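Structures are listed in the sections that come next.
Two complexes follow with chain A in common, the first pairing it with chain B and the second with chain C.
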Partner chain A sequence: MKWGRDVVQLVMWTAAVACVSPLLSLIMLAFSAQWPFPHLLPSLFTADHLAKLLLSPRLVEAVTTSLALALLTTVATLLLVFPAAKAAGLYRFRGREALKLLALMPVMVPAATVTMGLHYFMIRVGLAGTMLGVVIVHTVFAVPYAFRILMYVFEIMGEQQEEQAAMLGAGPLMVFSAVTLPLVMPGMVAAATMSFVISFSQYITTFIIGGGRLLTVPLLLVPHVQGGELHAASVYSLVFIFTALAALVLLRAVVRHYYRETYFLNP
Partner chain B sequence: MARITLVGVAKAFNDKQILDRLDLDIKNGELIALLGPSGSGKTTLLKLIAGLDTPSAGRIEFDGSDVTEVSTRHRQAIIVFQDHCLFPHLTVKENIAFGLRARNEPRATIDRKVDEILEVVQLPGRQNSLPHALSGGEKQRIALARACVLKPRVLLLDEPFSNLDVNLRFSMREFVVSLQRVLKLTCVLVTHDKEEAFVMAERVAVLLDGRLEQVDTPENLYDRPKNKKVAEFLGEANFFPGVMADGVFSCALGSFATPWQDTRQAVGMVRYDNVQLRRHGGITLGKIKDKVFAGRYIFYKVALAAGGELMASCKESFTLGDAVYVSCADHAMQVYGDS
Partner chain C sequence: MKAASKPYLLAAPLVLFLTLTFGLGLGYEISGLTLRHFLAVLGNRDFVVSLVATLSVAAVATLVSNVGGAALAFAMLKARAGGESVRHILQLPVIMPHLVVTVIVFHIFAQTGVLARLAWWLGFIDDPNQFPLLVFDHFAIGIMLVYLYKQIPFVAMVCFDSLRGISHRFGDVGENLGATPWQVTTRIYLPLLKPTLMATALITFAFAFGAFEVPFLLGTPLWRTLPVEAYLLHINIDPDAQARSMAINVIISAISLGLALVYSSALRVVSHVRHSDGDRP
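And now, the complex of A and B:
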């Protein structure tokens, strides 16, 4: 028992170090002025790369667009996925297995294939190069994950709590807001986090559907990486990571606040 | 509080008959037990009464008016489930207030009623606890309070005590019976536990394979099960194949005068505790083959000299191999047509 816990601890720490160490080298790279070959640490630090980037007007545009896309994608995904996940998680009906499989399709087929097909369609209906078009394509890739997460949450919740609420005389609105939503809220947060991160890190889909008219952080980042500009790429990566992290922390804080306020403090 | 009437209620899932045309009349303020093994359709019937499911045929009446089409929300029939089903994110007070809030009662009334019902269930001062901080028995009492505070037309208990340990179960049984009497609730208790049904209910309805086999007082049910199926289900019964002639039933145990006038192959039933074992004086001889001490009783397996075996329970002490005379009073012998 004790031994088993030590092994778990070891694995966790290894994983943590594996996750954080690339970040450390990224930070050093972003702030290094000189980092000659045999040295473990940079010999000279500078904030020039960061300053140059922060002053560039395109950064603000990219971060804003990325955040807006991610937020809209998250909302669209949750709205789409909630009823479907509830049906698949709680009710037995014909075609339930087919629905589960169908919802996974977009991530089983290569992203470029799906996107090319959607691109053709979006050109015809005039959505190519628009915010809405990009939100749609991001949503397509976020739905499978969010659907899976929420479906399992509904399966665990079961029907009994909603039935109990109805027997106590609650109408559909009260059942939803006072029972269903709070009970699946942890799953909603997980699904929202997933959707947000998926949208935030999209490159090829934004590139194809946005047609270069929408500038996101990954679109700024990738050319620098390919062009071998390591310092600039590192700074962009940091911006990328910390924007995403900040947004997620904020999302969780807002949900937790809402959760407590409504259900734990004000009966 | 209402009189509940089931008229030809049936339920089928995918061509499988779960409940087969049930008729049942539950009196206003009565505590009736629905007794049956798992899979007999007890919970399905409860769900039909609560409106969580709709019958395939027949109708359900509350106080003579048809509620078959009335939604769960407006039916005022509340199930208290085995796993209590408290809302985990709500405090005790919020849980109990849930139904009152749904009725838009004023805050002051809600507060007063919650405090009152917490007194009734003997958990005053627990308003702000969350369900996970309560013990099993406390959770069950809060679940009962949440239902009772609404004065439901019928309270439906779905195996409410099977998750509790033995001592707690006994005190909860008493508690529920007194609660039901104080609040004059019409109450349906679903259970697979014979003792629980007998101890708590005024009448017991035996449900076997989707059919109501017998609805009777506990005494009648125990002493005079209507057919072999019910007798078998209630357990501790010996069966003897035999012959009926002119109201006398003859079997391996002897001849018995019965009130029935059948003349055909029949099966006689005697409960373990109606079998008398004596050392002297009798006709049917047997030998103690096995012995199990069970506290209140000692169970004996007796091999009859004429062939066959039977079970008897009594307080007297015999040892293995003892020769005993086996007898049974005429009125203790139930005779069923051989089917």
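And now, the complex of A and C:
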């Protein structure tokens, strides 16, 4: 039995090291000035290269476009998914299973496949190469995650509180803003987080529909990987991770602030 | 009091959005095709190689990540406090974008990568070329490594959360009746974990089957996965290549739809069995 505990401990440590060490090695690469084979560690650490890459106007453009697309996608996804998730979470009706299956489809059918098909259509209606066109495709792939999360939230929440508020004389708008929204807010934050991250990491969808007119962080990153320029790729990778993290921390802070101002029940 | 049409009205915008985007995309592709196009694609050797390779990569990645992830989840449960800390750390690979993981795998496993340097210092190799080809290799090891780094933690996290929710009573009863710890794990907890594993297997398979960036960047020049093949034909200006791209995309969609239907009917069977069993925790 003692031996079994040791094995379990070993597995835990292996898992932890295997998860974290790749990121550390990426950070090391980003800060290295020179790292020729066969050196195990970079011969020189510097922030100069890093600074030069970070201040390039193309990176600023890419980060701005990525953030704008992710924000628009998040808003579009929540607007579309909120009512549908409410229907699937609260009511039993014919076609509920079909709705759940339909909302799962973007996970099942590969993004590249759907996007290539849509590309032909978007060229004809003039949406190819536009921000709106790209937001539409990103939204398709954010829907399944947001839908799942919000559906579960509505299932747990039930309908009673909304009915009680209505019984006490609250109008539909009042019920929505004072009862429904605060109750599902944690789910909304989770759904928004997922939508944001999904949009932020899109490559092929942006590439096909954007047609080279929109530059996002993944689009900036990929050519460097193709060219084997791993140093630049590592710097953009870190920008990628930290911009997304910063945006999400900000989103959560805003929501928490709103919570504390309006509903002091929650810590 | 509730109007019967309410759920339909609520769901309408999303249903409209998804059927329009999928319908317009797929519809356009199908409308331009005839049986001749499909037969030409199906008879093409490159396509058959692509199909077999894509399905194999997805199957192996799914098998390894689900077996590995479930095993890790059981170990985490055994480790108690240690398992909870590992649960936090597992979030890192799960949220890491695939593109970034692709860069990392390139950096660690290439012939001049971190592992090759380690092998040089340990005296196993004198030259980078002696290090085995793990990226751009014919067996898709580099591609698989990206999937596994992301998916083993994902499966482990989901299984761990699900196992935590299952009451300890089942295991206790089993032990009281004389079951060994191994029997408790395989005969009691593994069956209870089945619906969870079906869901994670579906998600991991669908991802590995349809991923674009990872095989596009780390794949061998010898063969391509189906989405990459379809894309390279899509950007080809030759109209015949475009028709082939559309045909491949329709075939990919058919496989995905089939998978979704198999999954939803399998889930119905499992949940039916579980409900007829009576007492769930």
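Assume the second predicted complex is superposed on the first by the 239 of 267 C-alpha atoms of A that agree within 3 Å, B and C clash if a C-alpha of one lies under 4 Å from a C-alpha of the other, contacts with A are read in each partner's own complex, and residues count from 1 in each chain.
The working rule: a contact is a pair of C-beta atoms (placed from the backbone, for glycine too) under 8 Å apart; a residue touches a chain by one contact, two chains touch by 3 or more.
Nothing here was measured: the structure is a model prediction, and the numbers come from that model.
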(request) Of the two partners chain B and chain C, indicate the one touching more residues belonging to chain A. (result) C
(message) Per the contact definition in the header, classify A:Arg252: touching chain B only (first), chain C only (second), both, or neither.
(response) neither
(request) In the overlay, answer first, second, both or neither for which of chain B and chain C A:Pro182 touches. (result) first
(message) For A:Ala88 in the superposed arrangement: first (chain B), second (chain C), both or neither?
(response) second
(request) Quick one: classify A:Arg213 as touching chain B (first), chain C (second), both or neither. (result) neither
(message) I'd like to know which partner A:Gln164 touches here: chain B for first, chain C for second, both or neither.
(response) first
(message) With both complexes superposed on chain A, which partner does A:Lys52 reach: first (chain B), second (chain C), both or neither?
(response) neither
(message) Quick check on the superposed pair: does A:Ser237 touch chain B, chain C, both, or neither? Answer first, second, both or neither.
(response) second
(message) By the touch definition at the top of the document, which applies to A:Ile204: first (chain B), second (chain C), both, or neither?
(response) second
(message) On chain A, which stretch or stretches are contacted by chain B in one complex as well as by chain C in the other?
(response) none
(message) Under the definition above, what is the set of chain B residues touching chain A in their complex?
(response) 50-52, 71-79, 81, 83, 85, 87-91, 93-94, 97-99, 101-103, 146-147, 150
(request) Spell out the part of chain A that touches chain C in their complex, as residue ranges. (result) 4-5, 8-9, 11-12, 15-16, 18-20, 22-23, 25-26, 29, 37-40, 79-81, 83-84, 86-88, 90-91, 93, 95-97, 99, 101-121, 136-137, 139-140, 143, 147, 197, 200-201, 203-204, 208, 218, 221-222, 225-226, 228, 230, 233-234, 237, 240-241, 244
(request) Using the touch definition up top, name the residues of chain C that touch chain A in the complex. (result) 2, 4, 6-11, 13-15, 17-19, 21-22, 24-29, 72, 75-76, 78-79, 82-83, 85-86, 89-90, 92-93, 95-108, 112, 114, 116-118, 120-121, 128, 149, 153, 156, 203, 206-207, 209-213, 216-217, 227-228, 230-231, 234, 245-246, 249, 252-253, 256-257, 259-260, 264
(request) Spell out the residues on chain A that touch chain B in their complex, using ranges where they run on. (result) 160-161, 163-171, 174, 178-179, 182-183, 259, 263-264, 267
